[in-house]
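Chain lettering (A, B, C and D) follows the sequence in which the chains are written, and residue indices restart at 1 in each chain.
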Amino acid sequence: MNDLSGQNKDISPSFVSDYMEGAHPEVMRRLLETNLERGAAYGADSYSESARVRIRKACNAPDAQVYFLSGGTQTNAVMIDTLIAPYQGVIGAESAHINTHEAGAVEFCGHKVISVPAKDGRINADSIRDTMEAWLSDESREHVVMPGMVYISHPTELGTLYPLAELKAISEVCRKYGLKLYLDGARMAYALGCPENDVSLADIASLCDAFYIGGAKCGALFGEAAVFPGGGIKSFTTILKQHGALFAKGKVIGTQFDALFTDGLYEKIGRKANETAEKLKAVFASKGVELAAPSPTNQVFVLLTQKQLDDLDGKVGFSRWAPVPDGRWIVRFAVNWATSDEEIAKLAELL
Amino acid sequence: MNDLSGQNKDISPSFVSDYMEGAHPEVMRRLLETNLERGAAYGADSYSESARVRIRKACNAPDAQVYFLSGGTQTNAVMIDTLIAPYQGVIGAESAHINTHEAGAVEFCGHKVISVPAKDGRINADSIRDTMEAWLSDESREHVVMPGMVYISHPTELGTLYPLAELKAISEVCRKYGLKLYLDGARMAYALGCPENDVSLADIASLCDAFYIGGAKCGALFGEAAVFPGGGIKSFTTILKQHGALFAKGKVIGTQFDALFTDGLYEKIGRKANETAEKLKAVFASKGVELAAPSPTNQVFVLLTQKQLDDLDGKVGFSRWAPVPDGRWIVRFAVNWATSDEEIAKLAELL
Amino acid sequence: MNDLSGQNKDISPSFVSDYMEGAHPEVMRRLLETNLERGAAYGADSYSESARVRIRKACNAPDAQVYFLSGGTQTNAVMIDTLIAPYQGVIGAESAHINTHEAGAVEFCGHKVISVPAKDGRINADSIRDTMEAWLSDESREHVVMPGMVYISHPTELGTLYPLAELKAISEVCRKYGLKLYLDGARMAYALGCPENDVSLADIASLCDAFYIGGAKCGALFGEAAVFPGGGIKSFTTILKQHGALFAKGKVIGTQFDALFTDGLYEKIGRKANETAEKLKAVFASKGVELAAPSPTNQVFVLLTQKQLDDLDGKVGFSRWAPVPDGRWIVRFAVNWATSDEEIAKLAELL
Amino acid sequence: MNDLSGQNKDISPSFVSDYMEGAHPEVMRRLLETNLERGAAYGADSYSESARVRIRKACNAPDAQVYFLSGGTQTNAVMIDTLIAPYQGVIGAESAHINTHEAGAVEFCGHKVISVPAKDGRINADSIRDTMEAWLSDESREHVVMPGMVYISHPTELGTLYPLAELKAISEVCRKYGLKLYLDGARMAYALGCPENDVSLADIASLCDAFYIGGAKCGALFGEAAVFPGGGIKSFTTILKQHGALFAKGKVIGTQFDALFTDGLYEKIGRKANETAEKLKAVFASKGVELAAPSPTNQVFVLLTQKQLDDLDGKVGFSRWAPVPDGRWIVRFAVNWATSDEEIAKLAELL
């Protein structure tokens, strides 16, 4: 029998994660519409090409290489493994997804994750500079893993955003020290659809060496778009195959991104969810529940007491993140395009 | 710009591969029907559970662990890496998919592929025995990769099938020498839907340590079902995550396999394609084109002269497999549930 | 031209490290004496066997498997990779050698180093328990690297020692949580030869799953003795070969350990160096130089101002360890069997 | 208890291998002479530098990077892993050491060994060209491991030598196809000391991208010299450390190579052994024993019947290589600088 953990219960309303439904109806419509068309495999079909053209345009990166993969951890691992030398490591926040919830996928490819402290999920240019200066001034640095890349996520794992000024500072320090900059955009739609956000895809493309635009958590049935904005990556199809990450029916993911990048759908999906998250935050505020992180996007982190947890348990779905010293828990409530006002109301009632 | 090879052209009629369309309409219908339902992630949803129950029943393996993955190479690599010790290798045919067209994904996990000669894509119990006896009688065997598994595919890469008697003999020799037996069923539907085939899923489950039931090449939108018939595999969810192979929206694949294993759809999809392949073979026979391999399933391998290739080039899609000494090429024509009689007729005309 | 770092200057007196000379004269004498004798390769010779017998006796571990390797990092990486599952990680101090100065050799084998805070180079049973409880109570633990082992060093990287009571507590918590316990004994002689030390090789053998007894830093020309006290490790010769760690002329290392474990030579080498280190500490004390760590063994860590560093630079060899916030540096002075009183006197003069 | 194979018996006379003694007396003398001198670690000492200067001169390669490692398999694995991209494979003879007796060390680093047929241990330019043309003309080559290097050994595993003309042809085809050329010189002394050999170290340095000059099998106590004749390899010290292959006491190996490359000692050691091998071949010829391979160097391969094997068993040491169809065995007798005429005479008597 399978070894499935208890975290994954079917409960309604559920705020367990933002990837529990199928696809946004418009994405599904396009998949259905093109279902019987035959397309060349491995991303050489016309829908994938159309999606690539749209993404290059959205990123203002005409030379970008764009690939469609089927999972986020896979995308992170293969892109990191491609961009840094086999003996280099990747700098990331203590709370970085690659450092916490990817089961060592980066280490599986042979690279150390060099963790630096983070505030609200964000690292900053100073801590990168300090890490590099410490390494450079170490007499034994040949024996110490050489940092080769900085990994950030936007939105971060805590739903927060990098201001453009900070992203620029990080990019600058990376270029100064010869580090690649990689941005995990698993929830990019929620950044793009957020009024607080001042970072565009074009900014990301000009400041980063690589990034991915998340599909699975942002309205797609599944799939992620990996982008090397400056191009120049050799043999990436082979690298994907070697990592078990080359998706055979490229058309299936390409069609979805073609839909997501038509008429601003991707951003709309993010905006809608963020608005729902604001309603959720209002509910928590009205009940005196404290926010655990200042997230302006679709993930809401609150502090709940054990009693509150017990009351909600089994009646509403959520994720326990971590305990805090005062006995409360950081708990995540995630919403997406499919979360209804009725669900928010039901949660309010339960609280 | 992306580095897409010339092999992937959109041409009609196309026999390039059996994974160029979306999903079989019935599979698509079920995906659409359940699209807005929320399901627990990572395979803990009720559709995945239903699919697991159906697969266990079809395999007569009530204790089987069943997982849904997004790609075949990924499935092969992660299952092989799970079942053998880190210092062991895997015995496979020279023509085995893991030995030829997976870009070294098994070696990426640290394992040598120990190739043995094959006839029409099949290895046999004798060559496994010989390999083991040679290893055991080698004074330096501690310095030689220890074989830990036998990899076979059914249907094979050349469309041929293992007779049950041969599969039993292979299983027996594996158990005698302590080798795991793994079966790649990327095109399992075409075996199950073939009159020549005398190997059932229950046979496979009783004779093998692990196998996978292919979806992407057999009517699914995408996805593969990995089966450990005897159970007992620990931490496989973590192993999947570490390999970048844990599919987040398990429901999406689970729903498809639930559909494929309802009312014999999976087998029907295979049978229909095999019947189409017979028509294709009749066309080739009528044109005096020689078969290159005795495939009774959906892949037809023929020998074409350079002139024949030139005549067809650009007008019909196919795959060049390999040149043969007399100047001809082994060429593959693949059909599936979506191949129409009109396409067969058009090919006949072009020949 | 080679890329050698500036740290490695030939200066006298030098306290840069404890592995700058050849072998202790008695070890060298034995190598010379047996030089023309022919011995079976890969550790099957009679000298290696004699050394194994002596080590098993010293460890009170009659079933121990003992192997002779040529380097410490190699030994750590291969033993860790052998004892834990491919998907598991290893818990170690932030200051652990595997976490700092082995260039990611453990990650190269695919394993995450899970760092925990350390005091004076030591971790404790509580932090291991906390790490395990946090992992066990994490709903997403299937996505988090599973701890499989605890790594400690004795003496630690800061020259400190584990009291037997603490080692017992660590061993107990490891067994409770199913963690392997591995002890890096690169400088074991200095522990065994230290009056403060209350941990014997037999204690280590009974409390740990594996450990190594260091040669290179303890009087051997080179070489380390890897010990699995309980035996039961299969195919380790093959594993060594696969990792490039099987030493062909086993006799050469075996002979050295046979010498080191004859008439208490190994312990004597440690005791002599520790006594020299006490003299060094007395010199520092007399000059008002503060100790940075309470090391009772052969490595002396002191805090030097920039001016003191400038004064010594180029006149005496030492290792800069790390800067501290007040502007001083932690600096290491290492001594061994070959360090003379004249060198201590010269340093005293220079300070 | 350890798991040592039966192949490694202490028997006299023994022709089991050429690495059963310690060091050539002159090498040992130099180790003893310099034993108490202190040298910077990791190869930064003056003896290693002197050895590097001598090796660069012998290779006519003033820009060569030279490193001293402790084992041959380790050297092969780390150099191959350094020179090719992570997704590339290495072409080698079916009989290549990396393909047979290194327990999958190259695959452990993630690379496939692409085997090509060999004659008397040698591959040729044509088979490399054919392999590359087949790969280039394969429509699916993005799914096939990309060859990135050719591995050859000189002398080969069967004691044979590449003529200079063949080595030049191989080098030319490698450069044409963008393949690195790597030469395993584990037994280089026996090539350099062989009248038949027309390939100098300078030839090798000008025709290959990397190679190693073997110590352990050629008179050193242990150790190998890795050479990148053109330089330009970045961070190799870190790469060595990551692979567990950075030898701490560099001086110990450096001193030996300094001795071996003084006054032609290395070549003399080879010449002496080759002369002894000629005597051995004369003995076999006089007894009607057929040679199995035309080796002009220190390894003599003969065909022995089962009766002959039984007669010799337990009285003289040798290595069974492989059975041949007529029931006889290919058996290896290896000699070196330490093999005496008395031993040859005793073998003659036993035959």
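General observations
In this text, contacts are C-beta pairs under 8 Å (C-beta built on N, C-alpha and C of every residue); 3 or more make two chains touch, one makes a residue touch a chain.
Here the structure is a predicted model, which means the values were calculated and not measured.
Path length between subunit A and subunit D in the chain contact graph, taken as the least number of steps between touching chains: 1.
Counted by C-beta pairs in contact, the busier of B-C and B-D is B-D. Because subunit C and subunit D share one sequence, their contact can be compared position by position; here over half of the interface residue numbers appear on both sides. Placing every chain at the mean of its C-alpha atoms, the farthest one from subunit D is found to be A. Mean C-alpha positions place subunit B and subunit D at a centre distance of 41 Å. Centres computed as Cα averages put subunit C at a distance of 32 Å from subunit D.
The distance from the centre of subunit B to the centre of subunit C, with each centre set as the mean of the Cα atoms, comes to 49 Å. Contacts with at least two other chains are made by residues 3, 5, 42, 87, 102-104, 108, 142-143, 235, 237-239, 241-242, 246 of subunit B. Taken in their complex, subunit C has these residues touching subunit B: 42, 81, 85-87, 142-143, 146, 235, 237-239, 241-242, 246. Contact residues on subunit D toward subunit C in their complex (touch as defined above): 1-5, 7-10, 12, 14, 16-17, 19-23, 25, 28, 31-32, 34-46, 52, 63, 65-67, 70-78, 102-105, 108, 216-217, 221-222, 231, 234-239, 241-249, 251-252, 338. The residues of subunit A lying in touch with subunit C in their complex are 3, 5-7, 87, 89, 100-104, 107-108, 110-113, 137-145, 319-320, 322-323.
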